[in-house]
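As structure tokens, here come the structures.
After this come two complexes, each holding subunit A, first together with subunit B and then together with subunit C.
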Partner chain A sequence: MRKPEFEPRIVAFVCNWCTYIAADAAGVARSRYASNVRLIRTMCSGRVDPQFVLTAFEKGADGVLLCGCHPRDCHYSSGNYKTLRRYTLLKKMLSQMGFEEGRLRLEWISASEAEKFRRVVEDMTEQVRRLGPLDLDGGD
Partner chain B sequence: MAGKPKVAFYWCASCGGCEEAVVDLAEGVLDVVAAVDIVFWPVALDFKVTDVEALPDGGITVSFINGAVRLSEQEDMVRLLRRKSKYVIAFGSCSHLGGIPGLANLWDRRSIFEWYYHKAPSVADGGSQEPRERVEVPEGTLELPAFWDVVKSLDQVIDVDYYLPGCPPTPKLIGNAVTALLKGELPPKGAVLAGTRALCHECPLNETKPEKLLIKELKRVHLTKVDPEKCLLAQGVLCLGPVTRGGCEALCVKGAMPCTGCFGPTDEVRDQGAKGISYLASILDFDDEADIRRAMEAVPDPVGTFYRYALPRSILMRSRGVKAHG
Partner chain C sequence: MTEPPKIGVYICDCGFNIASVVNVPDVVDYAKGLKGVVVAREYKYMCSSPGQETIQKDIREMRVNRVVVASCSPHLHEATFRRAAESAGANPFLVHMVNIREQVSWVTKDPRQATEKAKALVAAGVARVALHSPLERRSVPVRSEVLIVGGGIAGIQAALTAAEAGRHVYLVEREPSIGGHMAKFDKTFPTLDCAACILTPKMTAVKNHPDITLLSYSDVVGVDGFVGNFKVRVRRRPRYVDEAKCVGCFECIEQCVYKTAKFPSEFDLGLGKRKPIYIPFAQAVPLVAVIDPGTCIEFKTGRCKQTCVDACGDRDAIDFQQKEQIVELDVGTIIVATGFHVFDAARMTNYGYGRLPGVFNALEVERLAASNGPTGGEILLRDGRTPKAVAIVHCVGSRDEHYNTYCSKVCCMYSLKLAHLVKERTGAEVYNFYIDMRTPGKGYEEFYHRLIAENLHLVRGKVAEVTDLAENPAEEGRLTVVAEDTLLGVIRRVPVDMVILSVAIEPQPDREEVRRMLNMSCSSEGFFLEKHPKLAPVSTMTDGIFIAGTCQGPKDIPETVAQAEAAAAEAIALTSKGSIQLEPNLASIEEGLCSGCQICIPLCPYNAIELDREKMVARISDVLCKGCGVCVAACPSGAISQKMFEDDQLLHELEGVLSR
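Moving on, here comes the complex of A and B:
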């Protein structure tokens, strides 16, 4: 019997004003993409506390995708810059904790970029599939 | 309460600073000693484990346990003390959050042994032997405690009633805790016996902290001449006062050193490191990835900076792929 292929679980935080609409548009256009992503809609990518990201990993995500509006396009003017700063720091910290590059990803996806959303999801799913399941070590 | 309350002190993976802090109560320690009956304090008084075992369950009023839990012997001892005690107080950052020894969780047991007994320059040519749990010698079998793969905070091993934070806790807070115990005026179980607000609220330099802080340059404190009259953060020195529980009365800041977070996060925060990152991100005044990276060079070790005392209590602990030493 063939071993079932590993299906990564990816949590995507999408902002209400850009990426959520893009994801919605991708759905309306019936474009096909991997079903591995669970969307969590937030008003702004700047609302995503790094604690949310860690909790997603804790609860079984193999990868976390952060999405926001392109620079200068944030509905609240600077939420996405804050997201970029957090992401830069968080990535460095996660790598110290043994997380492979690629488990956390940040993408700017505007409301009109349904195709980009599809591509990012496909690409990240493949990348995390190659990395394999996240193996958290509680040490017991 | 019939007779004097019975008190035990014990240390696990600890630097000794917490024990020293008890002695630092100075004259106060005499009041404590007069008011209580110390039944176990290996660092100062000659009691044996069998003395503790001989006590009835719940026979100790309160055990103060400092240090993180790393060895099988420590686990056995804290379980024994838990059974014998009415209250257990996690004493100091190591016991509360895992503390400095908890930073060893960036490596696993295998890579720690590999480095310290084989690869470190001081032993590299000696073929040094790793500690073994059992060794046969002509006289019989010698046993050493097992070294766990991870360092844990006290409440990851036993039920804890209260936490006295700090590296080490201040004499004043120790005094308050002991007084509350003696009077039976205890807060709800699980409380941290310190402040509830962030340190900045009690810092004498708070008045000089600007309303909105935006930083272009972070400075490393040992390379900086600090103005002791001005909020350290406003000078670009990373002070964790805004995200750390108060109660220490800003002792470090008064000594011109930034807060490094030993009282742990406030009650609303679940993960000290993640919150620390979030806070630094909101004051770093750059919008470009390259600039952010460059500014971050002043924080070469984010885990050691934001989880200095709390790595074992982080949401994630670590991924199985932790790096090897060296």
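Moving on, here comes the complex of A and C:
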């Protein structure tokens, strides 16, 4: 019997003002994309505690996507810059812990970029699918 | 709330929108097995009255104390379901929406995957809502003043509507006069009303209204604050003529040292001339002169005879020392009516605009046709000749994947109108080259038939080229329009004297700055994005900011006026109670946990956090906090939390989405 293709589980933290609206617009446009990415809405991407990202991996996510407004476009003026700094640190830390590049991704997706949202979701799903399941216990 | 969660899950079919992809009964069964769920139901339209009543009945009779509605985006119906719960006696913040339409059924092809994703999202919603607690909305006082940005017909109409309702209106216009594009037109379709006859009384009404402060020749340069309490900075550019003293007598202009007008008039799109001191057009509002320092001798050399000052005499309105001023305004709501930009036809080099003198854009021909225009209403070529044949090219920059893919909506109608005016004024043969004739509007189809009866030549085909290279004697010294006539299936070469390009409506070039300043969104074309295309067409995602007119997308005058009135009504409704309720998603600090490390203080974009030096703990101001949650994520001791976005709630939601 053929083994079913690995379906990664990906969590996307998206802000209420830009990316969530882009996702709504992708829906309205009936854009088809992989069902692997599940959204969690926060008011600002700056609300995303680095701990959420680590917990996501711990609870079974194979990839985490952070999305916010483009630089200078933040509804709260600068929340996305804080996201960027946290992401940079997290990325470094995860690589030291042996996580493959590509399991954590930051994207700026504005409200009008429904197509970009679709593309990022598709691309991230494909990328994580190639990486395979996240194995925190080192394979047992 | 001390009683344990009794969760009701309500899954919407949304007609076929959700149910045709997601196996809703399966999701209902799954929801019934989730922790804390006492009831799960499916309904065709959960947002309808019977749908809402089902939820209310369960709240009353089954003592459901938490509600999960799995349907469309919370941006669409969160308010609906919160209200439903509230009127059944439950706290509105014990409701959570799960988006299985925009995020699932509309974007997922495979029904099995869609159903799995819907289950995961419902699980997340259930896990989250169990931790919700009842919250109070905070009420903030709101100001009733309205700021309107842009003084075209949209801004004018919105200003008059709001002022008539007793609101004080600040109308900011960057040009020296209000009126916008409409003031440049001769006639309007389909009634062939004189544009000035219907517009200028409204302009005067704006000027004379006691509740409208008109700030012309001014730009909005900064907007701070939030719904009901915006602080706006407006830069008033110097006119070098005192607006309070000038009576618009034109004496200074007549007596200017330049005996004849020499410089291209902006209002006439360079087809007419003006002096360094000028009034853009005779019906301008305010009727106040303005000096262009770029062309005025006094500004250039400092040695002008200042005949304008002498002409003004005792009125003493001319003031070469005038400086830019910044005015600060406090307003409750903002209506953005910044209008459109005409497509630059020079970008389509094959049409020769800017290179061949016989090629005009439609707005230029509007000026030629207007009785207050540079030719007094005669449609003439640049060399003064009357054209004998005229081609009107539709869809220039519209419905063209190289420029703008969208239809600019008004071009067919204004092209027909121009065809009529050209025939009326010049008796020329008129050829309209169109791709499709689109005339959907009240009286528009009738206008089209009227024009056909005027012996208009209609050629269906996109023009390939406008050239001055003659291929036969008939084309000698003229412009030739080359197009495939797609009804006849032949290439046609039509020699004409004048070509009118029906240019597209484009977003303003500076929309990015305006968008950033006001925290709005743009559609992919660059027009300002409404909150909902059907149900909130003049609202934006930012509370208290509304849009009207062509800054939102191409539209004709009746639509613009209707939208302007709608925006004014929204602004009035929003602030009519004197206070509004805001979401309770504020951050707060638990003193006992705060270590006084002060990491949060510089992170807050609103300076809402300060240190209590006595207790060495941070404090968040309820008034200043806007609820972004940046400080919550940064607090190393977990002392800060954000209502509606508590750590626990988000972590449970996270577990839910990962459960399948």
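FYI, the second predicted complex is superposed on the first by the 137 of 140 C-alpha atoms of A that agree within 3 Å, B and C clash if a C-alpha of one lies under 4 Å from a C-alpha of the other, contacts with A are read in each partner's own complex, and residues count from 1 in each chain.
Please note the rule applied: contacts are C-beta pairs under 8 Å (C-beta built on N, C-alpha and C of every residue); 3 or more make two chains touch, one makes a residue touch a chain.
Worth saying up front: this structure is predicted, and the values here are computed from it rather than measured.
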item	value
Partner chain(s) touched by A:L89 [first = subunit B, second = subunit C, both, neither]	first
Touching partner for A:R38 - first (subunit B), second (subunit C), both, neither	second
Contacts of A:T55 with subunit B and subunit C, given as first, second, both or neither	both
Partner chain(s) touched by A:S110 [first = subunit B, second = subunit C, both, neither]	second
First, second, both or neither for A:E122, with subunit B first and subunit C second	neither
Which of subunit B and subunit C A:A26 touches, first, second, both or neither	second
Of subunit C and subunit B, partner touching more subunit A residues	C
Contacts of A:S77 with subunit B and subunit C, given as first, second, both or neither	second
Common interface positions of subunit A, toward subunit B and toward subunit C	49-51, 55, 78, 82, 86
Sites on subunit A touched by subunit B in the complex	49-51, 53-55, 57-58, 71, 78, 81-82, 84-86, 88-90, 92-93, 96-100, 134-140
Subunit A-facing residues of subunit C, complex	73-75, 99, 101-104, 106-110, 113-114, 116-117, 120-121, 124, 516, 519, 521-524, 529, 541-542, 585, 603, 605-606, 626-630, 632-634, 642, 645, 647, 650-651, 653-655, 657-658
Residues on subunit A engaged by subunit C in the complex (per definition of touch)	9, 11, 17-18, 20-21, 23-24, 26-28, 30-33, 35, 38-44, 46-52, 55-56, 59-61, 72-73, 75-79, 82, 86, 110-115, 118
Of all residues in subunit B, those that touch subunit A in their complex	105-106, 108, 148-150, 152, 269-271, 273-275, 277-278, 280-282, 284, 286-287, 289, 292-293, 296, 301-303, 306, 314-323
